[in-house]
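What follows is a group of structures, each given as C-alpha cells.
Both of the next two complexes hold subunit A, though its partner changes from subunit B to subunit C.
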Partner chain A sequence: MKNKSIKDVLTSTEMINVYIIVALSMVIGSINSNFLSVATVITLSRAIMVTMIFALGEMLVIVSGGIDVSFPAVACAALFVPIKLMVDNGINNVWFAFGLAIIIGLVFGALNATLTAVVKLPPLIATLGVSSLINGGMLAFFGSKEISNLPKAVDAISQKFLFTYTAPTGATYSLTVLFLIPVILCIGVALMLKYTMLGRGIYAIGGDQNAARIAGFNVVRIKYFVYMFAGAITGLGAMCYCILCRTANPKNLMGSEMMVIAAIVVGGTRISGGHGKVIGTVLGVVLVGLIQNNLIMAGVPAYWQKFVVGLVIVLGTSITSLKAKKIAQSAKV
Partner chain B sequence: MAEVFLKLEGIKKSFGGVRALKGVDLEIRKGEVHCLAGENGCGKSTLIKVISGAHDPDEGNIFIEGKKVENLKPIDSIRMGIQVIYQDFAVFPNLTVAENIAMNRALMTGAKKMDWKEARKLAIEAMEMIGAKMDPDILVERLSVANKQMVAICRAIINDAKFLILDEPTTALTAKEVEKLFKIIRKLKEKGIAIMIVNHKLDEIYEICDKLTVLRNGEYVSNGDITEYDRARFIRDLTGRDIEEIKYSPEEDENEILRVEHLTRVGAFEDVSFTLKKGDVLGITGLLGSGRGELGDALFGLAPAQSGKIILNGKEIQIHSIQDAMNNKIAYVPEDRLTQGLFLERSILDNTMAASIKNYFKKGKLDYKAMEIATDDWIKTIGVATPSAKPAIRTLSGGNQQKVAIAKWLNTSPDLLVLNGPTVGVDIGSKSDIHAILHRLAKGGVGIIVISDDLSELVQNCNKMIVMRNGKVAEVIDNTVDETTLADMLSGKQGG
Partner chain C sequence: MKKKNIDGSILTLWIMIAVVLIAMAILKPGTFYKMTNLRSMIFQFPEYGIMALGMMLAMISGGIDLSLVGIANLSGIVAAKIMIGMGGEPVSIAIGIMAALAVGAVCGCFNGFMIGYLKVPAMLVTLCGLQLYTGIGLGITTGPALTGLPDSYKYFANGSIGQIPVVLFIFIAVVAVIYFIMNFTVYGQQVRFMGSNDEAARYSGINNLKVTIMTYMISGILGSISGVLITSHFNSAKADYGSSYTLLTLLIVVLGGIHPDGGRGNVGGVVLSILLLQLVAQAFNILQIDPTGNMKTFVYGALLIIVLCANVLKGKKKKAKK
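Up next is the complex of A and B:
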C-alpha cells in the first residue's frame, strides 16, 4: 500500500515475527555455533513443510470467519486409507496415493462446509464432530497399527531431492523434492487471495458475512470452496508427511491442530476472521518450528520446549490482540 | 414536475399471518428528497425490502420509470439503479476504503479478478463526486461512523444509482456530521438522483426533505409536500394521537438529592460541580468528546472520577466501581442499549430482572412467581407493547427495548438514575412515554440525569441543563433557552 508509514511497516505483525525469529536465531547461534548453518535451514525446512501446508488451508478457513479443527483427523484418514488400499491390493502408483488423499480431503471438506454453511452449525462444533467421526471410524476399521512398508513407488519419492549439501564435517543434508509443494501452494494462495474476487470474497465474508451477502457474494459457495480447498491440501500435506516419515500411521497427526492454529495466529491472522496474510503465516510457522525443533540446540531441556512454545503463543497472540484493541479504541478518521 | 422514478400501488405483504404492509402507495420523483416517516414497526423496513427486491409483495404493483416490474430480485433492483444504504452500512471493516467502494461494481459486472488500480481510481472519483476526503488505502475499521457512511454512499453512487434509499442515516451522527451528510444529499439531488430517507427526527426532516410519506402500522396514512405539514399534523399522522409538547417545569423543592463537587478525571472532565434537587430532571449536554458521556460513566463507576466529592441524599459516597454505584442505589442506562444495556436473545423478564436478581433469591432458590409479577407490573407501568414477558428483546422495537432497559434499573429502586441518550432510535410515541416516566420518577424523589445531544429533548424535558465543553462545565442554564441558542452554546459560539 502506498501511504503506509515506515512506522506502520516496522511495527507490523510480520516484522515483529521477523525480529523474534532473528533474535531467537542469534540466541541459539551464540550458544551453539552449529546452529547458524545451511544444514539447519535444510532440516528446519523439512521439519516445517507439512505444518506449512496444513497452516495454509487452516488460514483460509480462519480468514473466512470459520475454524477447522478436523484437519488432523482428515490428514490421518487421507494418508492411511490410500496406503492401506494400495498395500492390500498391490497398487503401486504414486498418483493414486496423492489423488485419493486429495479426494478424501475434498469429501470431508465438503462435509465441513455443508455443516457450517448449510446446516449453519458453529464451525468449531461442526469440525470437532467431523474430527471425532473420522477418528472413531479409523479406529474401528483399521485399529492403530501403522504400515511401515510403503508401496515402492510412493516410498521412492522420499529419496528424490532438490539438492544435497555436504557439511564440512562430511555429513550430508538433502532437501526433499516435496518441499516444492508448500512453496507453490504459498505463492498460489497468496496470489489468489490478493488478485481474485474469490480471494477478496473470503476476506469479505470473514469481515462481515451479512454485508458480503448484500453485496452479492455467494457466501455458501465461498465457504464450500474454503473448506474443500483446505481439505484438499490437508490430504496433500498428509501424503507428504507419510512419505517423509516413510510410514503410514493412522493417528500420529492427531492433536497437531493447536500448534498449527497457534502458528497462524502468531503470524497475524485474527482468530475472529477477516485478517490474515500468507507471508504472516509462513513466518508464524517458521517461528513455531524454530522453537519446536531447535531450542534443544540452545541447551533448553526438552520438557521446557512446550512451555516456551506456549509462551510464544501467548505473547504473539497478545500482540495481535492488543493491536486490534488499539485500533478499535484509537481516534477514528 | 420531474419524472416519476418509482411508483408503488397498494403494496401488501404478510409474514405468517402478521400483516406488515396493508396496502401502501408511494411515488418518488427524480431529484426529490422524499422522507418515509413512521414509528418503529410501521412497516418501513419491509417496504424498503420490497423496493430492493428482497421481499416479494403479496399484492400490489411496482412501476420503475413507468414500466411495470414483476418478480423483482435484488440484483434486478440494483441494475435498475436502486441502492439501499442500510443502517449498519454493510461495509467491510477489514478491507480498505477503495476496495469497499469498488467491490459492488466488480461483483455486478461479474469480474473474476481484483483490479486494485481500477478500484483506487473508482474510489477517488466517487469521493470527489460527493466531496468526501478519505485515504483510499486505510482500513474501514479505522473510520468514524460518519466516514463509514460516506464509504457506503460512495459505493452506492458508483453503480449509476438513480434512486438512493437511506435507512435512518443520522442515528449515529453528530450534529456537524449530519450537516455534512445533508450537503452531500443536496449535491446528489442536483444530479437528478431520487433519494428516500427513512427518518423520524422531525427537525431533520424539515431541513432536508421535499416530500413526505407517513406510514402507521403498515398502512399508508398521508403524503404531500413537506410544507403541508406542521409539527402537530406530522406528529398526529405519525402516532395517531396528539402529543403535547410542553416543557417540564416541576415545583421548586429545596431538598437536595445529589451534589457533585470538583469532580475530575484526567483526560475526560475536570472540576465539574452541580446540584440536583428533588423534582429536577437535569440535562447534561455537549458535543461528542466534551466529557458528557464520561461524566455519566464516572457517576456509575465505569471509569471512576479521580478526585472530587459526590454527595447523594446528604451522605458523601465513594464510587470506585460499578459495584459501589449499585450499592449506593445509582442506576445507569448506557448509550448503546444493544451492546451495553440488554441481553438481546433473552426474554423481557430476564432483562427486567438482570440488575436486581439477587433480591429474588429466597432460601437459595429464585422466586419465579415474584419475578413474573414484578415484570408484568413494569410492562404495564411503563407501557411496553408486548403480549407477555416471554419474547426475546431482539423482537421488540427500539422504543420498547429502551423501556425494558429502563425498567431493569427501576426495578432496583434507584435513588439516582442516569440515562445516556435515553431516546436514541426511539420513535416519537415511545419517546413521549419515556419522558413521562422520567418526570413521574423525578416528582417521586428519584434524581434524574439525562445525558443527550438531542437538544429539543433536553429543552422540553429538563428543567436544568449543564453544557459541557472540553471537559469543563461551560454553562448552567434553565429551560427558558431555545434550541438555537443551546446549539451555539455547545460549540462555544455564545456565552462564556
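Up next is the complex of A and C:
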C-alpha cells in the first residue's frame, strides 16, 4: 500500500475535508474580511479543543464497532461532581479535580463496556440508558445549580497561556495552555492505533468481531480498554471545558453528542466500525467547528445552524456510504 | 415456542401494572382512584404512545427511529404556520393537519431512502434526521414558540366527549390501524420477516427497499400525528417540545417485548407498556417524590438497562435448557 497513486491521495476523505475547509474559509473570508486573521485561528482552536478531546474517545469507540452516546452525560458528571465536592468541602487542589473527573469517566466507561461487551446489549440503546441514568441521577442527587465560584487553584489554570497575540486593533487573543492536552492525545492515539497490537486489535474487532476473536484478540478486554479510555479522556475534556468556561454547569454539554458524531463521520470514520483515522477526525472537528462558530460571520442566522450541521452529516454519510457501495460492487481480485 | 415467549413478556407487564395499582391503593387510595386522576392520565399518554408505535415499527423492521421527536415538532410547526397564516378558519385546521401528515410522510420517506438505498445504519440516519428536522423547525420558528393557534384546534388534545377525552379515541383508532397492518396485511408479514433476517427476505423475493421506506413512512406519519397532539396540547408549536420522549419511547418499546435486533414483538405488549409507564409517572406525581423530573429520567434509564439485561439473561437460560 506504500505506493498509493496521486489520484487516490487527492480523492481521499481527508483531502476532501481539506478542500471543503479551504473553500468554506474563502467564502466566509470574502463575505467578512475580519475572518482571515490570526485571531480567528486562536478563537477557533479554543472553541474546538474540547470537541476534539471528546471526538478522539468517541472515534475509538466507533472504530471498535460500537457507539457511545453517553459521553455528554459522563462529561457533565465529571465536571460537576468534583467541583461540587471541592466547593462544599473547601478542597483547593487541581490534581483532585482532574483525578476525580478521570475516575468518574473510567467508572462509567467500565459500565458501558460491561453492558456492551459482557451482557452484549446493542451499544446505542445501552449507552442511551446509561446517559439518562447518569444525567437524571446527578441532577436529582447533586443538584442542578450552576457553580460559578470555582476553587482558586482550578480557576487559576484559565489564566495560563501558551502565547498571546495582540491584534492591530489592540485586542489580545491568548491560547490556553490546556490546548496541549488534545495535541498530545491526538499524537498518542494516532501512534497507538498504528503501531501497537492493541491499536490493530481495535480495528480488527470493529471490522469483524468473530474473525478478530479467532485470530487471537481478546475482544472483551479490548472493548473494556476502548470504553474506559474514552470515558477517561471524556472526564479530562470535561474538566478542561469547565476551566475554559470558568463555571461548572451540570447541563450545558448535554446534546453535544450530535456535533461530535458529525465531526467523526465527516472525517471519514465508518459508523459501522473498522475504519477511521485520527487525522480525519481532526479535520472533521475543524470543519464542523468552522461551520458552528463562523457561519454567523458569513451572515447565516444562528437559528439555521442546527440544520446546516445536520445537512453536513447527511452529505458526509452519503458520500462515505456511496464510496463503500462502490468498493463492494467493484471487481474482487 | 415463539408464541409462549411473547405471552411471557405480556404476563410480566400485567403483573407490573397490578403491582403499581395495588401499591397506589395502599399508599394514596383517595387521590389515585378518582375520575379526575384517570382523566388526567388519559390526556397524557397518547402523545408519546403514538410515537412509541412508530418506534415499534422501526424496531421490528430491524432498525430504530430516533427522529420521531424531530418529525413531531417539525410537522406541528408546519401545521401551526399554515393555520396562523390562513387566519384560523376550520378549513385551515384541516389543511394544517393534512400538511403535518404530509411532512411526516416526507421525512419518513427520506429516512427510509437513506437506510434502504444508501445503506447508512438506521441509527445514524435517524439521529441526524432528528438534528435536521429540529434544525428546519428552528429555522422556521427562529427560536421562540409559535402561538396564536385557532381556539378550536385545542379541542383535539384538551376536549372530551362526555367524560371521555377525545385523544383516547384517536389513540384507539391509531392502535387499531397499526394492529390491522401488522397482523392482517402482507406488508406486516414482510416487515417482520425482513427484521428477523433481511438477507433471507431478499432472497425470498421481498423488496427490502420498498418495505423499509414504507416502515419509516408510517413511523413518520405516526410521529406527525403525535406532533399535532403536542401542538394542540400546548396550544403552540416549538422546535424542542417533548425532547425526553425519545428515551421514553425506546423504553416503552423494549419493555413491551420488542426485540432490539428486530423481527419479534407485537402491538399488545407495547400498548400495555405505555399504560404501565403512564401509571408509574402518575404515581411519581401523586407521591410528590419528583418535583423536578430528574428522578424520572434516572428511573427510566435504570429501567431500560435492567429490562434489557433481564431479557438477555432469560434468553441465555432458554438456550441452556435446550
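Operating definition for what follows: the second predicted complex is superposed on the first by the 332 of 333 C-alpha atoms of A that agree within 3 Å, B and C clash if a C-alpha of one lies under 4 Å from a C-alpha of the other, contacts with A are read in each partner's own complex, and residues count from 1 in each chain.
One rule holds in what follows: a contact is a pair of C-beta atoms (placed from the backbone, for glycine too) under 8 Å apart; a residue touches a chain by one contact, two chains touch by 3 or more.
Keep in mind the model is a prediction, meaning the values are calculated, not measured.
Peer 1: Looking at the overlay, what does A:135 touch: subunit B (first), subunit C (second), both, or neither?
Peer 2: A:135 contacts subunit C only, not subunit B.
Peer 1: According to the contact criterion defined above, which of subunit B and subunit C contacts more residues of subunit A?
Peer 2: C
Peer 1: In the overlay, answer first, second, both or neither for which of subunit B and subunit C A:214 touches.
Peer 2: After superposing on A, A:214 lies in contact with subunit B but is clear of subunit C.
Peer 1: For A:31 in the superposed arrangement: first (subunit B), second (subunit C), both or neither?
Peer 2: Neither partner.
Peer 1: What is the contact status of A:10 with respect to subunit B (first) and subunit C (second): first, second, both, or neither?
Peer 2: Neither: A:10 stays clear of subunit B and subunit C.
Peer 1: Of the partners subunit B and subunit C, which touch A:162 in the superposed model: first, second, both, neither?
Peer 2: It touches nothing on subunit B or subunit C.
Peer 1: Name the contact category of A:197: first (subunit B only), second (subunit C only), both, or neither.
Peer 2: After superposition on chain A, A:197 lies in contact with subunit B alone.
Peer 1: List the residues of subunit A that touch subunit B in one complex and subunit C in the other.
Peer 2: Residues common to the subunit A contacts of subunit C and of subunit B do not exist here, since the sets are disjoint.
Peer 1: If we count contacts the way the header does, which residues on subunit C are in touch with subunit A in the complex?
Peer 2: These residues of subunit C touch subunit A: 64, 114, 118-121, 123-125, 127-136, 138-139, 141-143, 247, 250, 254, 260-261, 290, 292, 294-302, 304-305, 308-309, 312.
Peer 1: Tell me, which parts of subunit B touch subunit A in their complex?
Peer 2: Touching subunit A: residues 74-75, 78, 86, 89-96, 99, 103-104, 106-108, 111-114, 116, 134-135, 137-139, 141-145, 147 of subunit B.
Peer 1: Which residues of subunit A touch subunit B once you look at their complex with the stated criterion?
Peer 2: Going through subunit A, the ones touching subunit B are 1-4, 194-200, 203-204, 206-208, 210-212, 214-217, 273-275, 327-328, 330, 332-333.
Peer 1: Provide the residue numbers of subunit A that touch subunit C in the complex, in ascending order.
Peer 2: 67, 115, 119-122, 124-126, 128-137, 139-140, 144, 258, 261-262, 265, 271-272, 301, 303-311, 313-314, 317-318, 321-322, 324-325
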